[in-house]
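Got some structures for you, see below.
After this come two complexes, each holding chain A, first together with chain B and then together with chain C.
Here is the complex of A and B:
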C-alpha cells in the first residue's frame, strides 16, 4: 500500500496538480491560437509537434531565452517581482476548482471568495507593474487596468454569488455538489451566466475588452517595458487565467465534472472546459475593441443591474 | 502532513517557487549583452520621451472607487446573508442604499460647485 502522503504529494505536483496545469495552460493557448487562426482564414501554429501543439511551449522557452532589459528609470524591485507574483497568483486558485472529482484538491467553506480576492490581487499586481515601469504608454495602460477592474468586478462578483445563494454554499466544490442533486445553474440563471462570461472576458483583457493593452493605440499597454523572461512569465500567467476563467464558468454554471454515463468525471470537465475556451476565443475573433468609457458605462449601466436582477430572481 | 500539503498557503508558496525557478532559468539561459543608453531608455515611437514618473489623477477615480466599495460590500453581504432569517439583511441593505443616496447628493452638490 502506498502511503497517503505520497499519493497527496503526487496529486499536488503531477495530476491534477502543477504539471497537469502547465500542460492545460499550454494546451488552452494552442487551442485559442488555432481557433482564432481558423476563424481568420489562417493556418495558425503548424510545425512544432503534431498540428503545432507544442508551439506555445517552444514560444515560452524562446521568450525565456531572450535578453531581459530593465529600463533605467524603472523601479527595479517591483518591476522584477511583479511577473513572478502574477504567475503564482494565477496558478494558485486553480487548486480550488474540482477538476477530476466532485470536490477539489483543496476546499473549505468560502473558497469562492478567496478566488475572487486573488483575481483582484492579480489586477493590483498588474497596476503596480505598469506603474513601476515608468513609461507613458504603460502608465496609461495601468490606469486602464484599474478602471476596467472597477467596472467589471462588481457584476462579476454578483453574478458568481448567484450560484452560491442557490446552493447555500460559498465553496466551489459545494456548488458543484449541489448541482449534482438539482439542475445546472446555467438553466436557472442564464442572465448570471452571460454576465459572468462577459466580465471574465473583461478580466482576461481579451479583444472586446483589451483596452489596457490596446496595441493600435498604446503599443502594448501595461506590458510595454516587460521583455525576455518577465514577458514569458506574464504570457504564461495569461494562459493560466484563461484556464481559470473557463473552469470557473464550468464549475459554477455548467455542473463541473458532472456527467451522465461515461466512466470518469474528469472527461466531462475537460469537454466543458474546451467548450468554454471555444466561446472565449470565438468572441475574441468576432468583436472590435471598446473604448474604456464604453466599458465602464456598459458595466455600470447594464451588467450590474442585470446581475442584481438575476439575484432578485434567484431569491424569489 | 496531508493537511499541510493540501493547504492554500503551501500551494501558493510552491507556485511562487515554480515561478522563481522559471525566472532563474531565464536568467541563466538568456544572453548578457552590453547595455547601451538607447536600450535602457523608456520605450517611445521615435519621440524624445524623458524617463519620469507620472501622477495618476486620483480625483477622476474617486467616484468609481466609492461606488465600487459600496457595491462590493453589498455583494458580500448578499453572499453571507442567504441563510439568515430576520430583518438583518434588510437593515444592512437599507444602510447601503442610504449611503448610495448620500453619495449621489454629495456628488451633485460638488458638480454644481465646480
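Here is the complex of A and C:
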C-alpha cells in the first residue's frame, strides 16, 4: 500500500498536477494553431514531431535559449517579476478545477471567488508589465488591457455566479457535483454560457477582442518589449489561460468530468475541453477585430443586461 | 560583428533542434517596390504556408529570429534597418530578398541608396530574383536553417 503522502505528491507533480498541465497547455496551443490553419485552408505546423505536435515545445525552448533584453528605460524589477507572476497566477486556478474526479486537488467553499479574483490579478500584472516596459506601444496596450477588463469583468462574474446560485455552492467542485445529480447548466442557462464564452474570449485577448495586442496597429501590444525567457513564460501563461478558460466552461456549464460509459472521468473532461478550445479557435478564425470602444460598448450595453437577465431567470 | 553567434558552443542538441524548428521572421521593407513583399506574403499564405516549418511572422523585433529585408537600402531606411537589427535578441540572422537587397540591382550607382543590405548589416542568405518566387524564398529560409545546424556540428 502506497502512503497517502506519496500519492498526493504524485498528484501534485505528475498526473493532474504540473506535468499534466504543461502537456495540456502545449497541446492546446498546438490544437489552436492547427485548427486555425485548417480553417484557413493551410496545413499549420507539420514537420516538428508527428503532425507538428511538438511545435509549441520547440517555440518554448527556442525562446528560453534566446537573449533576454531589458530596455534601459524599463523598471527592471517589475519588468523581470511580471512574467513569473503572470505564469504563477494563471497556473494556480487550474489546481482548483476538478479534472480527474468530482473534487479537485485543492477545494474549499468559495474557490470560485478565488478563481475570479486571480483572473483579475493576472490582468493587473499584465498592466504592470506593460507600464514597466516604458514603450509607447506597450503603454497603449496596457491601457487597453485595463479598459477591456472594465468591460468584460462584470458580465463574466455575473454569468459565473449563475451556476453557483443554481447549485447553492460557491466551489467549482460543488457545482460539478450538483450537475452529477441534476442536469448540465448549459441546458438550463444557455444565455449565461454564451456570455461567459464571449467574456472569456475577451479575457484571453483572442481575435474578436485582441485589442490589447492588435498586431496591425500597436505591433504586439503589451508584449512588445518582452523577449527571450520572459516572452517564453508569457506565451506559456497565455496557453494556461486558454486551458483555464476551457476548463472553467467545462466545469461550470458542461458537467466537468461526468459521463456515462468511458472508463475514466478525465477522458470526459479532456473531450469537453477539446470542444471548448475548438469553439474558441473557431471564433478566432472567423472574426475581425473590434475597436476598444466597441468592446466596452458591447460589454456594457448587451453582455451585462443579458447576464443579469440570466440571473433573474435562475432566481425565478 | 557576426551575423549570428550560434557558434558559442554552449547549446545542447535540444536547443539547436528547437531553434531550427521555430524561426520567427520579421519583415522590413528597406525601400522595395512591394514586389518582394507581396511574394513574401504569398509564401506565408495558404498556398505555400511557411507555418508548416514553424515559421511565423512577428510584428516586434524583440520576438523575431530572422530579419527579412527587401529592397535596396535607401538613405532614409538605413538608420531604421540598423536600429531594428540591434533591437533583435541575440541568435539572429538576416535574409536579403530580391535583386535590390542583394546588390542594389537597377539602383546601382544611384545617389540615394546603399546598394544592398550587406553594406549596412551582415547578411546570411541572399535570394535573387525580381521578385523571387515563393518557392525560392522557402528554399532560402530552409537553407539558412540547415546552415545553422552545420555550423553547430563543426564546433
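Throughout what follows, the second predicted complex is superposed on the first by the 316 of 316 C-alpha atoms of A that agree within 3 Å, B and C clash if a C-alpha of one lies under 4 Å from a C-alpha of the other, contacts with A are read in each partner's own complex, and residues count from 1 in each chain.
By definition in this document, contacts are C-beta pairs under 8 Å (C-beta built on N, C-alpha and C of every residue); 3 or more make two chains touch, one makes a residue touch a chain.
This one's a predicted model, so the numbers in the text were calculated from it and none came from an experiment.
> Quick one: name whichever of chain B and chain C touches more residues of chain A.
B
> Looking at A:87, would you say it contacts chain B, chain C, both, or neither? Reply first, second, both or neither.
After superposition on chain A, A:87 lies in contact with chain B alone.
> Check the residue A:168 against both partner chains and state whether it touches chain B (first), chain C (second), both, or neither.
First partner only.
> Mind working out whether A:215 is in touch with chain B, chain C, both or neither, as first, second, both or neither?
The answer is second: A:215 touches chain C but not chain B.
> For A:147, is the partner it touches chain B (first), chain C (second), both, or none of the two (neither)?
The first partner, chain B, only.
> For A:57, decide between first (touching chain B), second (touching chain C), both and neither.
second
> Is A:224 touching anything from chain B or chain C once the two structures are fitted on A? First, second, both or neither.
both
> Using the superposition on chain A as set up above, list the residues of chain A that contact both chain B and chain C.
64-69, 219, 224-225, 228
> Which residues of chain C touch chain A in the complex?
11, 14-15, 17-19, 21-22, 46, 49, 51-54, 58-60, 62-63, 65, 87, 89-91
> Within their complex, state which residues of chain A touch chain C.
That would be residues 33, 37, 40-48, 52, 54-55, 57-62, 64-69, 215-216, 219-220, 223-228, 231 of chain A.
> Mind pulling up the chain B residues that touch chain A in the complex?
Residue list for chain B touching chain A: 1-2, 5-8, 11-12, 14-16, 18-20, 22-23, 25-27, 29-33, 35, 39-45, 49, 51-54, 56, 61, 64-65, 67-68, 71-72, 75-76, 78-79, 82-83.
> Please give the residue numbers of chain A that touch chain B in the complex, ascending.
4-5, 8-9, 12, 18, 64-73, 80, 83-85, 87-89, 91-92, 95-96, 105-106, 111, 113-114, 131, 133-137, 139, 142-143, 146-147, 150-151, 153-154, 157-158, 161, 164-165, 168, 170, 219, 224-225, 228-230, 232-233, 236, 296, 300, 304, 311, 315
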